[in-house]
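Working notes for the structure below.
Chain nomenclature is as follows: A, B, C and D, assigned in order of appearance, with residue numbering initiated at 1 for each chain independently.
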Amino acid sequence: MRSYILTLNCPDRPGIVNAVTGALLEVGGNITESAQFGDADTQTFVLRTVFESDRDESAVGSALEDVEARVDGRIRVRPADRVPRVLIMVSRQDHCLLDLLHRRRTGDLPIDVPLVVSNHMDCADIASRYGVEYVHLPVTTDSKAAAEVELLALVETHRIDFVVLARYMQVLSNEVCRALAGRIINIHHSFLPGFKGPRPYHQAHARGVKLIGATAHYVTVDLDEGPIIEQDVARVSHADSPVELATIGRDVERMVLARAVRKHAEDRVFLIGAKTVVFP
Amino acid sequence: MRSYILTLNCPDRPGIVNAVTGALLEVGGNITESAQFGDADTQTFVLRTVFESDRDESAVGSALEDVEARVDGRIRVRPADRVPRVLIMVSRQDHCLLDLLHRRRTGDLPIDVPLVVSNHMDCADIASRYGVEYVHLPVTTDSKAAAEVELLALVETHRIDFVVLARYMQVLSNEVCRALAGRIINIHHSFLPGFKGPRPYHQAHARGVKLIGATAHYVTVDLDEGPIIEQDVARVSHADSPVELATIGRDVERMVLARAVRKHAEDRVFLIGAKTVVFP
Amino acid sequence: MRSYILTLNCPDRPGIVNAVTGALLEVGGNITESAQFGDADTQTFVLRTVFESDRDESAVGSALEDVEARVDGRIRVRPADRVPRVLIMVSRQDHCLLDLLHRRRTGDLPIDVPLVVSNHMDCADIASRYGVEYVHLPVTTDSKAAAEVELLALVETHRIDFVVLARYMQVLSNEVCRALAGRIINIHHSFLPGFKGPRPYHQAHARGVKLIGATAHYVTVDLDEGPIIEQDVARVSHADSPVELATIGRDVERMVLARAVRKHAEDRVFLIGAKTVVFP
Amino acid sequence: MRSYILTLNCPDRPGIVNAVTGALLEVGGNITESAQFGDADTQTFVLRTVFESDRDESAVGSALEDVEARVDGRIRVRPADRVPRVLIMVSRQDHCLLDLLHRRRTGDLPIDVPLVVSNHMDCADIASRYGVEYVHLPVTTDSKAAAEVELLALVETHRIDFVVLARYMQVLSNEVCRALAGRIINIHHSFLPGFKGPRPYHQAHARGVKLIGATAHYVTVDLDEGPIIEQDVARVSHADSPVELATIGRDVERMVLARAVRKHAEDRVFLIGAKTVVFP
């Protein structure tokens, strides 16, 4: 028996789940997990179903082709054990990178990481410890365009499923944002929509907030405006300097980013307009 | 169109969801919400589906009778707007009672409360403010048996769906626990399984814990051992006396109890052995 | 023995605590609680000390006069059991008002509430239940100026120490904000600085945030920009409508407001520029 | 100017803070942080004061000798930049060790770690990456006594200030517990006092709790009964297996342990009987 993850996105209407479960019965599918949501605003229906079957991938796929046509939507099925290939981008700060790579090693995160890309050399040592190739792509005003071309080429040649900006401090061009739409996750070190842009911990300190946060979101051409996947906060006090906020914040950042990466890697996140559906 | 809540509990096997959704299609059902869980330990499957249909309750029920037989389980369907009738029991402390009655009035809690029963008169005024009948059932060693007979009679005559012990400080007899099995919710003022029994805030103070909690659970004959529905905690410090722990704890108690009552009232809680499945 | 609360705000320099504790020794003071903070940005020092003494208020005050001059600051001492007089303003929503009045009755909140003022009649019943005078001050474009004059007169005649806007939906004029500077607390139903202004739950829903929050802050002439006293958040999901966000948010609002009112009532909050110091 | 941390533990009585601050004035001390607590149950007073002075350590110490006698207590002063030397013990799981060593490297944790001791070789690689000596001390029924002798010798020769059991799975003998009393911190993977002893995540799964936790505490001869320094929890659901509870729990464990180690390393933790005072 093999385990498969099915995801479906289609216009909402009666009969969808019946059609899908009917097709799964045909291939001897036994559902082990299922979650669904109908979005009232857009009349969109999304479904994530995990099932076991003794048929191979193409048999399963064929059985669902009919359904896809009937529900006028898009069905994807993949073996649960074929984990996504992730390219991680970092700058100087290493806490998110170390966290992701260690979770990957212990098996907590179901991803492969063939490549780390950075505009600095600071994190090369960590990548090397975890046996991951490290590509140094320096970014200057002059080199940025070429660096981005190379980045997209790396995504292509390494068959990358999605990109994670693990405290990557460069703004990507609109071209890259569009090329990787829905496949690139950023961690921003504030509780969005508060404190967009640079130096959010300094902004938080100046405003005197009593909680700081972090937000994992898909990258879009509008800086820090992309669909939010996960957020969390930590309590701070008047006594905390911006440096101490950053120290406290690093824990929130890495936890929030790890949760978002896991959700995306397990196909639990669906994009509906500018928002996400995230299944538990 | 009327909205219905369907709940199903049966042995896990392929085809259950297909069978249910097939029956719902027959009555023109449009699913608006659905959650399911297969418990690996017991091979039990539970399902909660909310759907809209223009058929009446008996038509819907008939359509599902066949399915019930096929899945060898138990299906219940009720109109979503037929809210459960709840009997609340209290002693002297009123914060949970006030909280439940106010949430009921504002529409936050989908319940009816025909009756408050207490071994004291302290909360009679609050019940009266919210227009709820208040029955004073004093409990002494001698009167306990008679009081419990009367309690069960009140449950019967008022067609009570479930009972909530909102800081009711008497231990119920095994007979009452059994008679109301799965239909009686208690709030215990500790993070179970820590600090069972009396005066948990004093126990917490003596142990020097850094968080205190509250636990909503179904009542069973084993005191404070029933299946847990909901728990939460609040941070405390060395500076907090047992009285201050109790003050902080009251907020946790009423929040946890309100959440548990809502979950149960919306048919989101399933009992599997000594544990619960609680759908979001 | 009587318990006193001393608060001090002065330029930071060596010897302040020694001077204060020296004066307290002169009046036989026994310190039971003390917290202090030196703000590096502004070189401001704040101190809150609770002490017991068998001297009366004027004797204690005299002993500290000298210190006040030496530290070039402002010292206030009041008996701990002389609780502040609070005027609560509400509009139609009653959950924060009920919460404050009930906490006041159970003794959780050390305040007196001689008066509730509202631009609507909706909450008159709750005020009456708790034996509090209710003043109906309707606000229209034409009547606003007169209503505010009356409000300030009520503050004066009832010797109000501070005002709490417990979901009062009118914007106060700059004159009122200035007249009550540092003595008026608002609860805003978002995690500021996100979602300022009207309908924050609708804004939160549109943005797709994964946590919603509430913020208690001092009112200033800049709407939703005043110094923050307390904040908290609650987890929400894609499935929550704006109405459900508001339901979840009400619990956060009342908890955050109650904590802020308690902190202010116990003289634990100090204003330094646009920020607060809040002692545990 | 050098920064010093002063800690004091003595019977509660008037004049203590005045005496201490008077002595600090003599050495030109400028207080930058101070926290105090009087425990009502035991009439014990504890104080932690951070101050700057241009005098050297012995001058500062001399100035405080008198005070120590007058308050009948115990005063310790150390330069704030002389960080404690910590010996970390681990078994097979590496997440807490990695976390502590990485926080030490980034400067988040003010400790030195001259030595990691383990009954297994699994974590040798991580210690080596961070340049820390790794001592393999296998523990069998026969070798346990000798291993403990060697452990205490290592504590001595490396001038270890305190020991951290970072998921060390062996029970230490009463002799070691007593020899290191107040200087040895353990992380237990449950919310104590719930689920003491082995396999707490399995216990938690069997009981069906809705939150799991971790507890950092001083080790005493009574297993999992030592004074609690820090605790926290994470939400779980019916769908989480014991393995998934352990994955979620690892994050709680390392956060709680890191906070406890920081608090202890900064002299913010005081033992009073079986409980701790932990200053923010």
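Please note the rule applied: contacts are C-beta pairs under 8 Å (C-beta built on N, C-alpha and C of every residue); 3 or more make two chains touch, one makes a residue touch a chain.
All values derive from a computational prediction rather than experimental measurement.
Farthest chain from subunit B, judged by C-alpha centroids: D. Although subunit B and subunit C carry the same sequence, what matters here is overlap: shared residue numbers make up over half of all numbers found at their interface. Mean C-alpha position of subunit A lies 36 Å from that of subunit D. A separation of 41 Å divides the Cα centre of subunit A from that of subunit C. For subunit A, the set of residues touching two or more other chains reads 33, 237, 239, 280.
Put simply, subunit C touches subunit D in their complex at residues 14-15, 17-18, 21-22, 24-25, 28-36, 38, 280.
Of all residues in subunit B, only 37, 39-40, 191-195, 207-211, 213, 227-233, 237-239, 241, 272, 274-278 touch subunit D in the complex they form. Touching subunit C in their complex are the following residues of subunit B: 33, 95, 98, 102, 106, 108, 129, 237, 239, 247, 250-251, 255, 280.
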